[in-house]
Each structure stands twice: as C-alpha cells, then as structure tokens.
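Here come two complexes built around chain A, the first alongside chain B, the second alongside chain C.
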Partner chain A sequence: MEIVLDAVEKGALSVVGKRVPRVDGAEKATGQAIYVDDISLPKMLYGKVLRSPLAHARIKNVDVSRALCLPGVKVAISAQDLPDTCYGPFIFDTPVLARGKVLYVGDAVAAVAAVDEATALEALALIDVEYEELPPVFDTDFAMDPEAPLVHENQEAYIKTFQAVQKGNICSHTTFIEGDVEAAFNQSDYVYEDSFTTQMVQQTPIETNGTVADYDISGRLTIWTCTQAPHLMQIRICDGLHIPINKIRVVGLRTGGGFGGKVEPKTQIIAAALAQRAGKPVKLVLTRKEEFTVTSPRHSSKITVKTGVSKEGKILARTVKAVFDTGAYADDGPGITGFGGMMSLGPYKIPSYRIDGYCVYTNKMGAGAFRGFGNPQCAFATESHMDMVAERIGIDPVEFRLKNVLQNGDLSVGGIPMPSVGVKECLEKTAKAAGWGKFLGKNRGMGVACLQHISGVLSSSAIVRIHGDGTATVFTGAIDIGQGSDTTLSQIAAEELGLPMEAMSIVAADTASTPYNWAVTASRITRTNGNAVRLAAADAKRQILELAARFLEVSSEELEIVEGQITVKGSPERAMKMHDIGGISHWATRGPIIGSASVMVEGHKYDPEKVIGFPFGTMAGFVFGSHIVEVEVDEATGRVQVVNAVAAHDVGKAVNPTGVEGQIQGGLVQGLGYALFEEIIYDEKGKVINDTMLDYKIPTALDAPNITPLIVEETDPGGPFGAKGVGEPTLVGTAPAIANAVKKATGVRIMDLPLNMEKLWREMKKR
Partner chain B sequence: MKATVCFSLNGEKQVVEVDPSRTLLDVIRTDLSLTGTKKGCGDGDCGGCTVLIDGVPYNSCLVLIAKVEGKEVTTIEGLEKNGQMHPIQEAFVNHGAIQCGFCTPGMIMSAKYILDKNPKPTENEIRQGISGNLCRCTGYQKIVEAIGTLAGKEV
Partner chain C sequence: MKFAYYKAESVQEAMAMLGEFGDKGKIVAGGTDLLVGIQHGKYAAPEALVDISFIDELSQLNAQNGDGLSIGATVTHGAVCKAPNIFEKFPALVEACSQLGSPQVRNLATVGGNICNAAPSAETAPALVVLKAMARIAGPSGERQIELNEFFLGPSRTDIKQGEMLVNLQLSEPAQGSGNAYFRLSPRNALDIAIVNVAAYVKLNKDYAFEDVCICMGAVAPTPLRASIAEKAMFGETFSEKLIREAGQLAKTHSVPITDVRASAEYRKEMVAVLTERALTKAYERAKLNM
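And then the complex of A and B:
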C-alpha cells in the first residue's frame, strides 16, 4: 500500500501554502542559469545526425568512409557500429540509428562528430546511403486496413513491458469495460453519437533538445542534458548501447521547458554513442527545424463518442472509440492511448461503458507525451459532445454537467476509488466568476469544459540531510523543468522539518547524487515525489528528536520543532537549537542525520476482464478542473479572440499558490494554441512543411487572454499535506471550452481541431 | 577573412577579431562567454536572443557582428549592478514571471525597452512590447503583471 503520514495537519502550516518566490528565480533572471547549450568542455566535438529523406524505405547500404576522410571529422557511425538492439518505454521498437529500414522523413540514419558544426554538416553530405523505396502509410484508417503495408514487419518479436494487444499496424489496443453497455443504451431516452478529429501539435519548448556527452577511459559515461527524467534516461541509454546503469551518470541541467517532449531520448543516446568512439566530449543540440520534424509531438486522433441519456439528463452509458496515430515508433503511444481512453468519460459518473483505444503505426515521426498524455484529445471530443448532447435535450451545459459530476468515493475507469473529487466546486466557482448566463454582445459566446486527470503513479525516492549548522538539503531525482519542483519540494521538506525556507537547499536531477525518481511527467511530482520528500524529512525529524530527547531528558514524542528550535511541547523554555543538534551529530555522538524514503503508487488491481491491454498499474491523486472562456469572433475573417478565461483546478492543497496559478495560466494558453492554430502539417510525401516558429505559430502575449485562476483544495488523504498535482490538467479543458464558446457565438460547431480562421470562416459561410 | 569589430558591451569596450559574417549572438555566447542570451530558433522568430543595441531591442541571431561597430550593446548580464538585481529582474522573480527561464533574459531586455521608452505603459502596451518574445510556460500573464508593477517607478 501507498502511504504516508496524516495528510491534514492540525494547526497552521508555516511554509506550505505560502507564496514563496522560486528558489531558482535569481539565477534565471540574471542569465546565470546554465542550460545545455551553455556548456563547453575542452576538446569538445560537435555532433550532427544524417536523417532519412524518405518516409518508408529499405536501407540497402550505408557508407560513412568518405565522411571519415574529411579533415576535422573524428567519428562517423551508422547502425552497423552499434549493438543490434532497440529501446522504448512500452515496446522496444526504436533503434538508436535506423536498422534495415527508415520509417519516416527525418529518421536518424547516421551520425558524425567533428571539430565544429560546419565540418559536421559538411560530413553529413559525404555519407552514402542506398535506399529502396517502400510504399508509405500516412493515415490510420489505411494503416488499420489488413492490406496496408506494415511499418514494423516483426512487431511480435519486440520486448514489451505489458500484455499488448496487437494486430497489423496496431501496436496497442486498450479496452475498458463496465456494465452492460448495450442494455444501458436501450434503456436510455436519448442516444447520440458524434465524431471528432484532432491534429498533431508540437511541445515547442523555447529551448530545443540537446546533450553534451563524455565517455572516459574507465568506461564511465556522463550525460549533461535537458531532460524531464535523468533516471529514465539512464535506463534508455543502457538499453540502447548496452552500457550498465552504474556506469552512466545523467546530469539534468536547467531545462528550458519540456511539456512531455524531454521525457524520452532525443539526443542523449546518439551523443553518447559518438562520445564513446571519439574519446572526447560531444555536443549535440537539435536545430529548431529538427525539433519540429523529429521529436515526439502530440498524437493526432480520430475519436467517436456515443452517449445514452435519460430524459432527466442523467448519463447512463457511453462508448468511445479513439484511434491515435503514433507514427513510426510507439514511444509513449500505448500509454497515451490507454490513459486517454481512461479519461474519456470525463469527470462524470457513467455506470456502463466500453472504451476502445487503438495506437497505430504510420510513417510519420513518432508521437509521444505532450502535457495531458491523451487526455487533451479525448477531452476535446467528449466535452464538445457533452455540449452537443445538452443542446439536443434542452439543458444548460453547466446544469447538465452538474447533474452528472463525480463525487468523493466514486470509482475511476478501471475501478480505483477516488477519495477527493473537487469537480463540482470547480464548476460552480468558474460559472460564478465568469458570470455564466449573462448577456453577451453580438459575435460573443461563453463555453465551458470540465476535466479530470491523475497525479499519482509509479515510484520515487528522496533523501534529506541535516548539516552541521542545522540547515538541511533535499536530494531528489525530480528535475525542475520550470514547473517549480525545486521550490515546492523544498517547501514540503521545510514544513515537515519545522525549518524556514532560508535553511533549505535542494540538489536535484543528478543520477550520481540524487535518488531515483521515475520521471517529471503525469503531473506527479508534487504528490508522488512530494510524498517521498515528506517521508524522508519525517525520517530525519524523528532522528533529530530522538537525539534531542537525550539532552532534554524527555521522550522524543514530547518534542516538536518550531522555527528551527527543538522544544518540549508546552514548555518552550526547555529548548535546543537545530544548529546544536547538527553540530552534536557531526562531532560528538550518533553521527550525521540522514532521512530517506521510497514510495510506490500501488494497491489497486484491475479486473482483467474489464481492463485489457492497459500498460499502466494503478493511479492515484485524481485531480479535477473546470474552464470557462469567453470568445469574440470576427465575422469577416473567422478569427477567434479569447477575451476572458476563468479556470478552477482542484489541487488538493496548493503548496505554492503562485506556482499553481502559473501552471493554470500557462497550461490554459498552451491549450489555446492547440484549440485555435497550432498544427504540424505534412505534405503528400510525408515531410513536415511548417518547420519554423514563423510557420508553426504558438500563442504570443497578444493571443493570451487575462486569466482568472481559481484554486480548489479538496484534500487528498494520500498526498503530502493533502496536495495533488496540477501540471497537465490546466491544458486539457481549454480546447473544448473554446469550441463550445465558438458554437455559442456563431452557431457553428467545429469538430476538427484546430479551430482556425479558415475553417471557421468556411463553416460560417454555410450558415 | 577576419575583421576587427569594436563596440561597447555592457559598458565596457570590446575589440574582437572575427569573421564578420558571424552573428552577434554567436560572438557574445561563444567568443565572449556571455551565455545568458539564449538561442531558441536562430531564425529571428522566438525573441530568446533579444539584446539592446543603442537601447533598442534586436534579435541578436539576425545581427551580423560587423553591424555593431561603434554601438552600445547591452545583454542580460549588463543589468545587475554590484551584485544587485535590476528592479525588472526583481519584479520577475517576485511575481512568478519565471518558469523554465529560457525566454526570461530576452523577455527582460524587451521589458527594459518598454519601460525606458514609456515609464507608464498600459497592459496592452506591455503585451505589444513583449509580443516578439515567445514564452511557452507562463501564459504571459505574470510577466505582464511583473512589468506592470514597475509602471511609474524609477527603473
């Protein structure tokens, strides 16, 4: 079982819940923060990757010999220089460099390291590759046809981390079943079915992916990189290059945004392979064009939702069929497809359902995690559908949702009990703050969407060390990619130890010195890693009090730590300073105090008849939210301006309210780009045509509305100080809320993202 | 071919012997080790490399080094004085305007230009003024608020 301490403390909290400024704020504001491209090592070489010009082809031969003859080139490699192996998070289908076939335009075929970038680029042109072109598959409908060419010809041979249900180009089919769904549809007064599509979009962190790798004479590999997951990266490098984990050190530097795009390897393994052969450090940083064409965007999808409703407006049944285009490599696709399916009932109690998620290979870049992990696609479909159903049965969309929202103790898809469900409060607060129902002018409309997500999954660990002067350091594998974990985790430890923030420091994301954390993903750091940090701090605190008890001549249960003083409860004059405890433990007796803890989210077992082909174990820390946006549509152009937005999120306990607000505002605006204009566009040959920030637009300050963030705190008994997560869900509600608002403003229902000017203008013309 | 370029960088005279076709961004990051200025795209689209040239913001990835001959260049490293952050930097830290931090140096340089030009900018003027600086984390609101707190103050 997962757990933890009493989540809800008696008395006031002194650090948790406070608007503490970021601990990494000053270094970032002054330009002192070190990101990967700021690193330069003696004798460092520059790496470049040769990429496939074809979407699907057999590699008949790769010859790097001419490149190696170019002065300044130190290493040139292809798959034949590497172990014959593949890696991946769920399905081991990804070679470090393409072996046998290339599977998309941009697939890595060969790599070079040279004395400077210009020489490395020149060397790429000297690598000879002979291809035999194969028929490509670009569309999931075609890919699922039994006659379609196979992207992976031997997928049953791949190692898998779960019981994958596979067929043809379908690499994973996940099913969730509850109740007799056909009977429930028959009992429904109304049954409606709608189909939606969503587009491929890119994370677009302002810092592109990059790595500096160094391999020493003792066989030790060091990777300095921007990443969301140093420990996960160790495993992938081990799988890809057959270097044992104990010889791999991954140092997560300041990371310029991730949003899912820096979880799985992008540059790390190729840079490591080059450094291994060069005997010198190698820097490999992706260009913006590479970032747009070879990383791991959000899956495009085709989703059909069918819902049965009683005449009172109660939802009785739902089926969902979601097809996700995972591109050339599965990456996180099986997890994303399954998790998106799990979220596709929305935060509503639906007694009977069947959800089918299909993760399908095509010859495009491999799609992966991007803030929401399948939930943005499914929420766009299901929350648009909720409004469409409400309109057909003549109920207000907020009222329809309120009739069906989940409550404390209800079960998730898959049957996990959810002890803290704040969706009703979120919806009521946003409706009130936005003035739901008020008169809006011409071409204006207000739209709502609700959402659920998780924040507890898999394992983490933490160490807290008490120094000789009574200050403390947290050691965590979780990296601060901008979301604020260095600050939040420090606050959690400070609160547990009874120390002020000034007495804390944090060491994060270096596999040589910090304990294991799975990854900064799944909105899980505050809750899952926060539990490990809190338990480690509690372990240190226990040791502090036991030592102090010997000097104060009481039992340790009678002691407490308040503002750095250890005092006898009720007799504050009998006290010791933390400084003294630190000194005594280092120089006189007992030895230095180190607290540690490991946690795993576990306990619930899925019924194998009801949950089939799902790659994850149990989940926890279910979070909820509601977004309401007001839009104004320009009738002449179809341009949508979001003029106002209110978003409420149930975070259990806001450890740092400023940080929570920043997540809400940032996630909502990222969702605005997804809703209105972001889209990776392919030509008929499988090449991305909008590979610059000029052609792939993300929201600017002029696109972003003023956002009112509302914090709802439905305490999670399994979270540190009652806290849950907030990172991803802030994006999830935006696109459906905007589509619903546009419908109100124009009468036009857009069911295919993005809801761009041209699409809306064309539909408005048809009215 | 190399050329000698002489300019002022954060108040100090700099003389560099460089290929004149290189960019200001490349020279300040590589040759002068001022890595606070960031490269997000290299195409002049993201604003991550914004510096002030004679007080006016430029994407330094699009400025050839020869073009700054005789000019005054200010980078993020030029704002703090005697170990004290500039008020704009302090406002960004104190108002939650920083997340990943990669756009922050360029954003702060644009903020400096906004406030230098107009000590009392409106919200819309602030949004216009930073619209060439892309941020993927914050949704811009806390950045706009942080700059707004300095309106009417001596910075």
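And then the complex of A and C:
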C-alpha cells in the first residue's frame, strides 16, 4: 500500500493535525451518552453467574432444578445445557461455563436469569454443585515443575491459531533468536544479569463489564454491550454457542473505559446463552467485586535480563527469560508473552539476542490484555536493568541510552525494517524539558525510561458514504471507548475528501451496519483503521471527481476538492459544489457514491528458525517514547510522590494533538498506579482479598504529577498522513522511570512492583 | 432492598421516630458510610431511615470568639474546611476534615457521622479526641454529655444507646500556649483510608515546658487510642528532638495494630512513631506562636 506523504511534508493539511473538539464530547460531558446499564427493554430479565468457591476442583455434579423452582426464575443453565466446545483468541481452552473442572475461585459454573436481580441472586444459592477438590497451582515456578498438577489436563487437544510450543502447564513458549549470543557475551567487556517481578493489576474501568442480550423468534441474536471489539465478539459468540456470525448483531455502546479488559468476552456469551433460552432480553452486568476477581488482569511476571556491553557502552548481546502467569485460561496470554518478549530489547540496537517468553497456567483468574500487552512488565525489567548497567559501568543513564538507540531503517525483533524511529528525539526532548542533570535536593530523584511499541497489526475495513446534500458519513467497526477514534477517523476522512469537519459524521461499532474491524487494541486504530478510512475516503473521492469531470468537461485528474468545492486545478472559477454532486448522484445519474476499503498489515515473513511459537504474523507502525519523572521520597515512611513528569511520544503525524496529549497524560498516570500501589492480592486459597475500590488503589487526580506531554512526529510512510498510534505506550515508560528515580533519591533499587511505601521503607531500612 | 425513609424536622421528632422503630431504624445524614455499608452488606438493611440532615439545630457550626467550637451533628467536613476562623484555633480538626474522602464526599459526609460510624481509622476521631471534644447525646430521658475519649467502644460501636442520637460536639477554646496538629498516612492523596493517623495537642507553660499533652492514634487499635504513656513522659519537659523521638517510641509501643491487606502491624507501629513525632513537632511549633 502506497500512502503519499506530500501533503504532510508540505504542511498543507487542513483538518488532520488540528485540535478539533471531540465529536463525542458534549454527550459524555452532559451525561446523555447511553451505556449498557442504561438499556432497559420490555420484559427484560436479569442474569447472575454462580462462581466457583474453589481454586481447583472436579465438578461431580451441577443441579439447577431447585433454582428453577424459585418463582421469578426463568432460566438456569450449566455446561451441560451448552454446546460442548471452547473458545479463545489463540488457544480454544475456555468453556462458556466450567465443564468438568473449575480452574480458579470465581470460575463461572452456572447462570440464571430471573425477573429481578434479587431473585437471580436468591436462585444462585439454590444451585447444587458437588466438587472434588484438587491440589491447586498458584505459582509459576511450581507450575513449571514437571511434578506440578496440570491445570489443563489435555491441552494438546485444544484448537490453536498458531504453532504453539507447549509443555506441562506451559501453554505457549515463544522464542526470538538473532546472532551468536554466547559469542557476543564473550566479546563483551561487561555482562550483567538482573531479575525482576511484576504484580497482577486490573484495568479498573469505571464502567464494569455488562451486556443486554436478546434472541428473537427468527434466531437472531442482538448484543448491546460495552466492548472494545464488536466484530471479535461475534466470532467468540459463534465459537462458544455455535450461532452463525450472520445471525449475531453486536452493538458497541458508549464504553466507560476498556484498557484491554473489554476485548475478550466477559458477559456477552453467558448473557446470549441465557437470552437464547429465555426468549426474553437478559441483562448481565458484573459487580465491582466480579470485575476485580473474574476479569482479565495484566499478567504478573518474573523476568530475568542479561546484557553484555562494551567498555564504550555499546550493548552487544542480551538474553531475556520472561515467565508470565496467565492464570486459568490462556486468553491473550500467548500473544502477550510473545509480544512482551519482542519488546524486551527496548528501543535499542542489540545485534545478538535470545528471548524466551513462557506463558504458564495457574489456578488464578485468567490474565489478559491490559494497555501495553506484555510491554509494561518487560519494560519495567529491561529499563530498570538499563539504569543498573549504566551505573555499574559509570555512564549517565541518558547517555547510555543515546549510545544505543534505534535509528530509521533499523530492524525490529524478528527482522522487520522500521522506517520511522523517533526514539532519539523523544529522549533528547524529555531530557531537555525535564532539566536532566540539574540539582534536585535531598530525597529527590529523576529517572528515565525509553520504550517502543507497535500500532499496526491485522485487518480493518471502512465505508464512506456521500449523502444527497454533499455531507459524508464514515462507517467503521472501531469503537470509541474514550480514546478518541470517532474524532480522529472523522478527521482523516475529512482531510482526504477535502471536506470540513462539520460535513462529517461517523457511525461506529455496530456489526449490523459497520464493516469489520478486528479490535480496538494494540494501539492500532489511528494507523490501521485510519488507513482503511483514508482509502475508503479516497475511493469515494475518486468517484466524486469522475462524476464532476463529466459536468466540468475535464478529466478527473484535473480536479481537486477544496473546502467542499470541486474545482478545476488552476481555474477555481470552474467549480461544482459537493452538495450538487451529492444531489446529482442520488437523483439524476450514476447512483449514490460509496467508497470502501479493506486493509491487512502483512508483508514481512518471520524466519521460522529465528521466531518460534509467536502467535502474530507480522507487525508495523513502530512507535517510540521516553518518560522522565521526578520523585520526592518521604524518608521516614517510604511514601513516593511523583512531582513532575515529562513524556515524549513519537506518534508519527499527530492527527489530533489534543487527543495525543490526553493519551500521554492518561497513560502516564495509569502507569503511576502500576508503579506505586496497584496490586491484586490473593490469599493462600486462591481468593482475591482486595476486591474493592478502597483496597485496590488506582491513582486519583491528586496523585497525578505535573505532566508535560511532548509530541514527536517521525512520520510513518505506512500510516494515514504519516500517523502512527499512541494508546498503550504512554503507560509503558512510567513504572521503570519511577523506579529509576527512586533509586536516585534513596539509593534503593526496587526490582519487584509495586513500589509501595511499606516495601520501600523496608528496603531503605537495610541501607 | 427496600426501606422507609422519614425526614425528621426536629430533634424531638427524630427521637420519636427512633423510639418507634427501635433497632429496625437507623439515623442517616450524609449517608456516605451508611448507604454504602447497607449496599455492601456491612449492616443489615434497616426498615426505616430517619434523615436528620434537615434539622436546622443540628447543622449549626459556631465558632464564637472565646467560646470554643460547637459542631452540630450534621455539619459536613466540607463546612468545617470552609468556615473561617476554625483553622486558626483547631488546625488538627481542619487537617483531618480536609483529608477525608474527596470534595464530593466531604460535602455530604458529616463529622457526627464519621464519629458515630466509629471506624478505627476514622479521620476526625483522633483530632476531636485531642481537642477534648464533648459529645452531647439526646435520649428518651433527656440529654447527657460524654467525653469523646470515652465514646468509642470498638469498631462500629459507640456509647450511643438505642433510641439515642448525637446532637453536637463541643470543643472548648484552646488555651493560650497550646497548639494542635493532625497527620495521616495513606498511599493515595485522596479517597483513601488512613493506614495510621495521629493527632496531638500540647500546651506549654511560660517556661516552654509541656504542661498538657494529648496524643491520639487511629487505625492501630479497635478504637482511637490515647498514647497516655508518651503523654505522661513529656509532662514537665521542654521540647527537644530526643524527647519527641522518645514520645514517638512510647506511642509506638503503646499501639496494638493488626496486619491486614493495607499494611503490616510492624509497619503501622513504626509509622505511629513517625506520625507522632510529626504531630508533636507541628503542635509544638503552633503552641509557640500562641504564647
């Protein structure tokens, strides 16, 4: 795909690059936006799920008959009422309701639908389940022991979407190899190895997961839901309930935060199964407690990094062993483990490496995607390690990084050439803005971290319609979950069509009317969907100009669209209004104009000797960033206050700079929570003990530092108008930058997240 | 869940309603603890809620010159923070009120409710205890007064008997040469619960010796706890870093915290020492300015 960057270079853009207000801003600010819990349909029932009290047990029997006798209960189901099948993104290991075994405390065993919530809850207590307790596995070290009980006893039999390397409780082992690592270590003047751990954390969207499902007499299923992926949801429901995709309509509503936790199904399939049997709509909304105990948190991890450097400070070799605890179900774990491993070289040129990522089953809730997809864990480890290496060899951490940063044309892990690499500029800009090296005073410290990420993967499509009055509508499968895609995709279409923003509208995320998009994930919407939208708009524009050419009696190549006027280049008096083209096409000749496009990120093929067990075909749209934070540590308590933060992100062309800055601020603060206090804590029986907003602490506005967001525009020839993505990477750099700053302030190196006050206090006492 | 809601227009009416519903009735004002607690099953759902937040008498906050401070039972934390002249004399109270919850919570939650809810970590309890607040309680057989120090019996348990209600909290005018302060420790800067909180009140004599010391610790015992051994050790002494450190250590030894998901007992004990030192030092600095 060839995307011309002329307009970007000439600075001739009129809508892209402008700080246009969010198209969804007013409805959200005034409370008019419709969320799933606002939906109420006639005769609607309420669903509830019976969950396992045990971490690992065989299900001897499930009997729902007593629940069904309770007045007001319409449906009660267990696995035996459902197709004998499993679903999943990479490994089909997840039943809709537990079959044969329960694999964690909270595993869905049965579900009911009743006339109200209270009755549904009462019914759950009447479901009889007979368990035979099995020894649980809570730790990945134990899980990887050949003697450990198996969480999934027959994983070889599962359908997989890739060549998975599996063994015992390891559901996926990804390896990346380049060069002769041992030889490179031998050539190194210094070799250092450090080990890190990171904790399980939850996305904590303000809106919990929920669905209203309706199944009509003709076998059509409609799902109103908060989701990041309406089209992906169709596929999972099809896999889980054997309903064909063409009979499933998923309507993505306004969604109160996703962060990865609303990609894979949480409530959708169970609500659908209940509605199918009830013949009435069913609402199933998770409680906050369920959100904390049964949804897909970020994997905890154990990561060992070994780096060989020359005495000049050039990195010559690295090995990484990353073990990710994926819990009871693989979910996105194989992808996360592989991708996290891929990111663990950081944005540095390292000629020889071997990376091993292990995705391991345990008896905890199934971990999944959470802003960064394995990168936050690996970046914490590797960017902390970078500072530790710099200190040992006596080089300033910024200088050490600058000696090793990637440049345009360098190859990514797996050998994909990266055409636009802005990491050096990001690092230089943040160092300058933060005043790197300045005197800070007692108990203060400044820390840096750099990062890379991707923004192009898999497929998308888009439609652009030109209406009878010359206005236009974009149809996209991408849902705006707050990241701003309704606005940026409208901007991209407006720019391509030569229309002002006022002439645009957007319809998003209804599988009945909008074309396929894989998912709002992987920071991919601006780049990947943006390409589809731009090409669809270009297709519509071609048709507009061809039609106008007939009336203006020139060839269409001689025409352009400027601010809604179709004019002959060089003779602006020879013009037609878009309004006229819209009218003519609807009422006189040719028929209405519809542009469409489909895109797939493809091309590069991994060498199977060098990339083993990686679930993704290829990647594109590499993005880069640098975070510098300044902390103040309370010496007596161990409490860390982040006082200032500067973050620069290379986003290619910033389609909407205000949106980019918002992403930087939001991601940075979410990363601060990851660094300092967020942690899902289990007891020895495998039960989450901090399942409330009080004891699972996310940062508040008062915990946010002064943030200086900086935009670096290293335009990507493969992105729309040169744009890349920004959603996830903004979180990635924060935790290692804070850990590095705390080291500067206190002399204490924390190598296991979170860096909470009691932990830091204990370590400081040892000084 | 369902319950009846009654709006009381006067203390007498509220008392009558409480008499009628007995243990099936509950008083509500801000509702920020009660309603959340009912929803989460902390309390059995009551049959009736008696709303006292419309009773004028209870919403009065009076800081008259030289006459101490009277805090009606339904005065919100926000009102205490915003009122002029309170910080000057009762900084510990304002420091506590301003750290509770968030602006939205502070504008609803009442100081009286914070006290009657009797959480071991209650934000305002240590401050009110060191300021020697008297709780005025109305009951079927008339009114009585109790020192706040005697008011707390355990987590969610107070001296208020069935049929009784808190009417106001009375703080006497701080003496010349006195100062008070409040410190708390929590991971977050807002919407958080104290891991440990400590308030201190000190009064200096003309020779700058400690004539009266009151230290109250929160979240380290079933009720707010006076660090009485530390208080006694300071009596008659003059300020020194060594003295303050010793007081901190005595308070630490006196505290009996538990280990839970928020912090270990060991850390809480150490933080009692840190916050006690800080509260005493701040209170002392304020006392010196008030000689």
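The rule is simple: the second predicted complex is superposed on the first by the 756 of 767 C-alpha atoms of A that agree within 3 Å, B and C clash if a C-alpha of one lies under 4 Å from a C-alpha of the other, contacts with A are read in each partner's own complex, and residues count from 1 in each chain.
We adopt the following convention: a contact is a pair of C-beta atoms (placed from the backbone, for glycine too) under 8 Å apart; a residue touches a chain by one contact, two chains touch by 3 or more.
Computed from a predicted model, the values in this text were never measured in an experiment.
Contact with neither chain B nor chain C is seen for A:Ser490 once the two complexes are overlaid on the shared chain. Legend: residue contacts after superposition of the two complexes on their common chain; A:Leu668 is shown touching chain B, with no touch to chain C.
In the superposed model, B is the one of chain B and chain C that contacts more residues of chain A. In the overlay built on the shared chain, the residue A:Ser352 is in contact with neither chain B nor chain C. In the superposition on chain A, A:Glu758 makes contact with chain C only, while chain B stays out of contact range. Looking at the shared chain after the overlay, A:Thr255 reaches chain B, while chain C stays out of its contact range.
Of the two partner chains placed by the overlay, chain B and chain C both lie in contact with A:Thr700.
By the touch criterion defined above, A:Thr382 lies against neither chain B nor chain C after alignment on the C-alpha atoms of chain A. Of the two partner chains placed by the overlay, only chain C lies in contact with A:Ile689; chain B stays clear of it.
Under the contact criterion defined above, the residues of chain A that touch both chain B in one complex and chain C in the other are 694, 699-702.
Partner chain C is touched in their complex by these residues of chain A: 118, 636-637, 639, 676-677, 681, 689-690, 694-695, 697, 699-703, 756-758, 761-762. The touching residues of chain C, counted against chain A in their complex, run 1, 102, 185, 187-193, 261-264, 267, 270-271, 274. Those residues of chain B that touch chain A in the shared complex are 29-30, 34-43, 45-46, 48, 75-77, 79-80, 85, 89-90, 92-96, 98-105, 108, 126-128, 130-144.
Those residues of chain A whose C-beta lies close enough to touch chain B in the complex are 19, 21-22, 24-35, 37-38, 40, 203-208, 254-259, 287-288, 481-484, 658-659, 661-662, 665-670, 692-694, 698-702, 704, 706-707.
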